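We just call them A, B and C in the order they show up, numbering each chain from 1.
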Amino acid sequence: MPPVPAPALTVLTTTDSAESAERLARSAVEARLAACAQVSGPITSVYHWNDAIETGQEWQVSFKTTEERYEELEAQLTAAHPYETPEIIALPVVRGSAGYLAWLTAETSAR
Amino acid sequence: MPPVPAPALTVLTTTDSAESAERLARSAVEARLAACAQVSGPITSVYHWNDAIETGQEWQVSFKTTEERYEELEAQLTAAHPYETPEIIALPVVRGSAGYLAWLTAETSAR
Amino acid sequence: MPPVPAPALTVLTTTDSAESAERLARSAVEARLAACAQVSGPITSVYHWNDAIETGQEWQVSFKTTEERYEELEAQLTAAHPYETPEIIALPVVRGSAGYLAWLTAETSAR
């Protein structure tokens, strides 16, 4: 029987520049709302906006955090993000190495 | 108590060119089978094929959609994809900002 | 009613070079602990380490495997990884094309 799914999450957002992505990554890690964050890009985004199809260059940020910290991370991202309605979604981590998950939990615990 | 996991999905596929990836992204968004799609690459793929290990350059497409639209998206991707058996997998979105998930649901609703 | 979530996983790790990433990808696929693996990068990682915020360049490896093979894959990654406590996390695949999931299961079955 696999262990109970670790209460960890991968939280994703996208933004319109590498600088903005690194700012969002750094402020979340500094506030211990994520143990780490990874910026990848540029990616090409295709999306609906006001009934037209738009294509744009974006950078993705992937935060590793716990379910306990999710709402604070969402609030910080919403406040700091340059978009009005940014993508902020969380995918569940159902398995993980014990050492890494312990580190993740420790790094996102209040000090 | 966190809200009931939003019925949203991140659907992933990979393909062999940026053009093919953007075509798959655009046609899904045009048909409102995804609210948005992100193309990243080139990535290096390592995989089994006919008992040998192959390495190739690919581009990944990540679609944001709802569980309700999944089967139609899978059918369209299967029909439009250059591969015979493409990777088409869905990861669950268990949390997300209310504004974004509402936008995602609206953009994938039939008009 | 969607089919029972396929027992498949996307397993993620990051490492400090493209060569290391490809070695981890190839050895997992060779051992049939993953049907395929995708290397993307460089990405910028921001993380806590010894109470400081570090930024570094990394490469991400995304393995497609089954729940059944997860523990063996985690063990191999832990042993082969250059880091002491590498990120090794698994996200659940809840939907997928039948053909692809059948291929994935076949390629990770012992021979």
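Note that contacts are C-beta pairs under 8 Å (C-beta built on N, C-alpha and C of every residue); 3 or more make two chains touch, one makes a residue touch a chain.
Remember, predicted model here, so these are calculated numbers, not experimental data.
Rounded to a multiple of 5, the Cα-based rotation taking chain B onto chain C is 120 degrees. Homomeric contact chain A/chain B is classed as different-residue, with under half of its interface positions used by both copies. Chain centres here are Cα means. That of chain A falls 19 Å from that of chain B. Shown for chain C are the residues in touch with two or more other chains, namely 40, 91-92.
Residues of chain B touching chain A in their complex: 2, 6, 8, 10, 18, 22, 25-26, 29-30, 32, 35-40, 64, 91-97, 99-101, 103, 107.
Those residues of chain C that touch chain A in the shared complex are 9, 11-12, 14, 40-41, 43-48, 53, 55, 58, 60, 67, 70, 74, 77-78, 85-92.
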